[in-house]
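First subunit A sits with subunit B, and in the next complex the same chain sits with subunit C.
Moving on, here comes the complex of A and B:
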């Protein structure tokens, strides 16, 4: 097998890997800015320099040439090479900055050049704290700058598009953003304009940067030049906690991180998962952060004498149970493609326990929305999970007929909005008691609901979602809800201060806590109030039961799913 | 560049400029299309021909506003953004409307030493405009440029991305302006490098009659 020597240690390799990626794969740190594993290699930041040499061999005999001491002679390339574009070949000797003073000096000098026209506005920059330029300048850069002239001033706060704002001064012209639009999203909306000290990325005149994946350039940007129009100046990185989760605006289930401060989701960033979304996230997933903060209900409510009144969870569940018992066999349950598998499974169990029937789940198809990449026609995250539980989409006519014929004594809706989805009309439900688990106060079914139970969204619950390709992925809570202690709820995504701070310097506070509960907590409460034998066992055990019961969920336990998800057998 | 060092501000270009050409004007003729197709066939990818095509478009339309760049992109089948990036990279592609004759006066090191700025300011006074501006009658645009690679015959200027005018004195500048006003472009001047003179049998530069200063080899006496 071919081998190379990097910093005196020999590594074996197959094929023709690029040196930078090879080093990153083997845990050798090489500073770099422009290189990104999924895009072409322009080698224009010049930061990943290395010294490459080869053993000298006698041309005629092929024997190694040796010096007087018998050590093999290494012939180095006359200049340092960029490791991102350097293809490994057998027998090469490579020195990174760890063993070569020349490389370390070159990288230090290069950083001095990159910082010549870079404004030192880290104290107000969104990227500060997770900025490759900042980190590498601290680790490898010079202590000061010898540039004593005025720095170039380039356009600031330029709205490239509806969601991306450019600060051209900070740009180091790595061209990651333009390569993204050219090679990955293929919208061709960005280009580097002008030349030399004046250049920066820009849209051509008359074009806005409005493609549906535009915000990916914000994550790609190794400095703070491209920022989110929404998240700009909202929070510092270290004030937020992040939790690995998935997005729920479509059926792709792209992996993401929810970033939270003071129990508000402030931004959504992609999380690498080669099996689902690689490094990318559509803008619709990122802009959905508002759904976790706005129009959230204030607690359970019960309708008495025509008006909603706040109630305790126990009272609301007891009232719901009374309505269900009153309806008996005529209780109709609607599952939800927004709710995780655990909640839908418990709904099926609850329906069986009270003698009712699950009609199916509400489908949220939007034909033409999908693009064959990370956006899908299906606008709900868990339709596949519902199908795998043996549920089918509910037909509007069928449901209306059933309601008109009086076959429905009570309607139990999990995490959805049948009125808003156009499945039934508000008038149809006027005579029927409706129990509703809802995320938002804008839910149109609320007007007809008799019991309203606020439900925890994907950012607040623990659960499993199955994407359209049959990949089961679990989520952990990103933000706290009222009644759930941050650190006691072991699954919670933690911030740096959570991990390392004392109780006195935590950044988060108790504001913006929403009085809602996950379905796997409320459904057993309702069941017990209805007098059924229903154990409250938490989502982990519920999911294990699902995996054992349903063949379509074989093996999908929390441990197996981990953070990357688990591909379920085809249905 | 000197101005830029004193005040290094890069301004944002107009992002939604009003178009200069109407739809009917924006088209290449069949002959031009054949030319472009030939250029495209010379390169592995069509974007190789972008500079040729931009040049053709500049000769046809006089300058390259966004709608012309878009036309070039469409003709070549490459993204408009890429064409825009190339066009803004090179100063020889005019993004703004210029005068009929563009005078690029070199003020880089050698020309500056031999009076490049004097020449520039003389022309500024003569034409009644500042560097970077166009005369009111639209005849002349005066620009300060960086090294054009003719330091041997400094100070010099270039006319409309075309012929160089070497060893410009005030009298020659006057003559040049008069000639350009009369519609006569200066002739292309072939230059012999001093080190090649022996080989080529003496100084054979075509404008040698005008270049008194250049009659001897440029070697200082004290070095002998």
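Moving on, here comes the complex of A and C:
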């Protein structure tokens, strides 16, 4: 097999890998800015320099040439090479900055150039704290600057589109953003304008940067030149904690991180997963975070004599149980494509325990919304999970007829809004008791509900979602809910990079805590209140039971799913 | 004092011959060299003749033309191949291609057609600097006549060989003269030079095999065909033969473009061709090949001839043979200030060292020129040269660094005289 020597160590390789990627894959750090593994390689930042040599061989015999001491002679290329664009070939001798003074100096020189016209406004820059320029300048850059002139001035606070704002002075012209629109999203909505040191990215005349994937350039930008119109100046990076999760605005289940401070989700960024979304996230997934913070219900409610009253969880569950018992066989359950597999499974078990029937789940299709990439026609995250549990979409007509014929003695709705979804009208529900698990006070079915049980959202719960392609993925809580729950707290501790939240993050104080509970906690409470033999075992064990029971979930334990998900066998 | 140009005084011009109205097809004639090539030679033979002639590129780098043609990969069905003629002439002090386009465009067009034949290209893009609007109009009109006469286009002169010439107008950026940047520009993109490898012969215009040559280089081809490779190889300096269009400017009595054999003594060009220094002043410096090549002090040009070898020994380069003569009154700091301004203005801004370094250099030289500079600025400038050279995608950063380095090193006194004497400014001392 072919091999190269990097900093004195020999590595084997196959094919023709690019040196920078090869080094990154092998844990060798090489400072760089413009290179991105999924895009073309323009080698324009000139930061990733390395020294490349080859062993000299005798032309005729092919034997290694040696000096007087018998050491092989290495001939180095006259210029330093950019490792991002350098393809490895057998026998090369590579020196990175770790073993070459020349390379280290060249990289220091380059950082000096990068900084002379950079505004260095880190104290007010959104990128500070996770900025490749800042980090690499501190690690490898020169001390101070020899530049004693006025920096170039360029436009600031330019709204490129509805969601992306440019500060051209911070731009280091790496062209990652323009390459993204040219090569990945293919919207061609960004281009570099002007020349030389005045260069900056801009939309072509008459265009706005409004493509559905525009916000990806914010993550791609190695400096704070491209910022989110929405998140700009909302929080410093180090004030937030992030939790690995998935997005739930559609059935793709793109992997993401939820960034939280004081128990409010402030932004959503993509999390790399080659099997799902690679490095990208549609704007709709990022902009949908407010629903974790706003219009949230304050604890369970029960309707008595026509009016809604706050109730304790125990009382609310007991009332729900009474209504279910009263309905007996006529209790009808609606599963949810918004709820995780665990909750839906427990709903099926609850229905069986009280002798009722699960009608199916409510589908949320929006034909024409999908784009064959990361947006889908299906606007709910777990339709596939419901199907794999043997559930089918509920038809509006069938449901209305059933209600009209008096076959429904109580309607139990998990995490959905049948009225808002147009499945039934409020009038249809006026005569039957309705038990509703809900996320938001805007839920239109609330008006007809007799028991309202606030649900933990994807940002607060533990659970499994199955995307359109049959990939089962776990979520962990990014923010806390009111009332201590050991499982949630432990998972949250584990999921947050810092385990406790930063000193700037008051996640444990009472403000912004929502009084809600995950389905897998509430459903067993209702079941027990109804006198059923139902153990509260936590989501991990529930999922194991699902994996053991359903062929369609074979192998999907928390351990197997990990953070990257698990591809389920075809259904 | 040995000129390599032999009996240059009796040299007969072939690129810009003294013929009235040569730019007209009727005067130029009907492409005899092309006719000869199509009738007598295979493409390989044409490339062989050019290789034997020793012709080296006139675009600045002096690469052997025949060798460049031979880099084209074997012909593959369905894979188009292109020739590109670089007429973007924008290097300061260079104005030779312009003369060709004005006075002898057909020789360039004929050269293009022969090169197209030699590399089996069906299309040549002729990229002309946009400011040459008048000559573009002229070339368009003359090209139309050539098409009419079936010297270009389908089935040329009934030989079965078909090829097209497409004239493309540049939009005023120096960087578009860099070969890969020119291709990006042709493709309708931003003129950012590409990283090499891959070289144009592997992946040029739209990713297809492409050969690119300077307009002057291609205009040399018809005479080579007509008079033979030996004739051409016998003109001027052996390692760098052929006629050279010397573009002479600066403080001389008769500036202009002069066609003479390569290997002319710089002193001959100054005294006998350009009529000596204006007002009888003494020579101070010569930039022998366009603004980017290292400047030579007057005392460095004794016996130096205009060919790659001799100039290299003297510490400079032939470049485009655009010669700038500066007299004793010249302020070398002001000169360098103008040069750095040019490269600052023309850097495409793709690579960090060039984008930020060129501007910094201009800042520093301007400060020195205005009497505000410090001695340590000179060392900083030399540092910046080191930090830019050889670390960029294209050679513009090198072209920007060479004049800075060499003007400072060769005229350090001029610079020191303009700097404050100590590295501390008056203010800090007080």
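The rule is simple: the second predicted complex is superposed on the first by the 549 of 571 C-alpha atoms of A that agree within 3 Å, B and C clash if a C-alpha of one lies under 4 Å from a C-alpha of the other, contacts with A are read in each partner's own complex, and residues count from 1 in each chain.
The rule is simple: a contact is a pair of C-beta atoms (placed from the backbone, for glycine too) under 8 Å apart; a residue touches a chain by one contact, two chains touch by 3 or more.
A quick note: this is a predicted structure, and the numbers were derived from the prediction, not measured.
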item: Superposed partners subunit B and subunit C on subunit A - clash or fit; value: clash
item: Contacts of A:172 with subunit B and subunit C, given as first, second, both or neither; value: second
item: Partner chain in contact with A:47 - subunit B first, subunit C second, else both or neither; value: second
item: Contacts of A:365 with subunit B and subunit C, given as first, second, both or neither; value: neither
item: Which superposed partner A:191 touches (first subunit B, second subunit C, both, neither); value: both
item: First, second, both or neither for A:205, with subunit B first and subunit C second; value: first
item: First, second, both or neither for A:147, with subunit B first and subunit C second; value: second
item: Which superposed partner A:106 touches (first subunit B, second subunit C, both, neither); value: second
item: Where subunit A meets both subunit C and subunit B, residue numbers; value: 149, 152, 191-192, 194-195, 197-198
item: Residue ranges of subunit C touching subunit A (in the complex, touch as defined); value: 173, 175, 190, 192, 195, 344-353, 355-360, 363, 367, 380, 386-387, 390-393
item: List of subunit B residues in touch with subunit A within their complex; value: 5-17, 66, 69-70, 79-85, 88-90
item: Residue ranges of subunit A in contact with subunit C within the complex; value: 41-47, 49, 78-80, 82, 85, 106, 109-110, 112-114, 116-117, 146-147, 149, 152, 172-173, 175, 191-192, 194-199
item: List of subunit A residues in touch with subunit B within their complex; value: 149-155, 158, 168, 178, 181-182, 188-195, 197-198, 200, 202-207
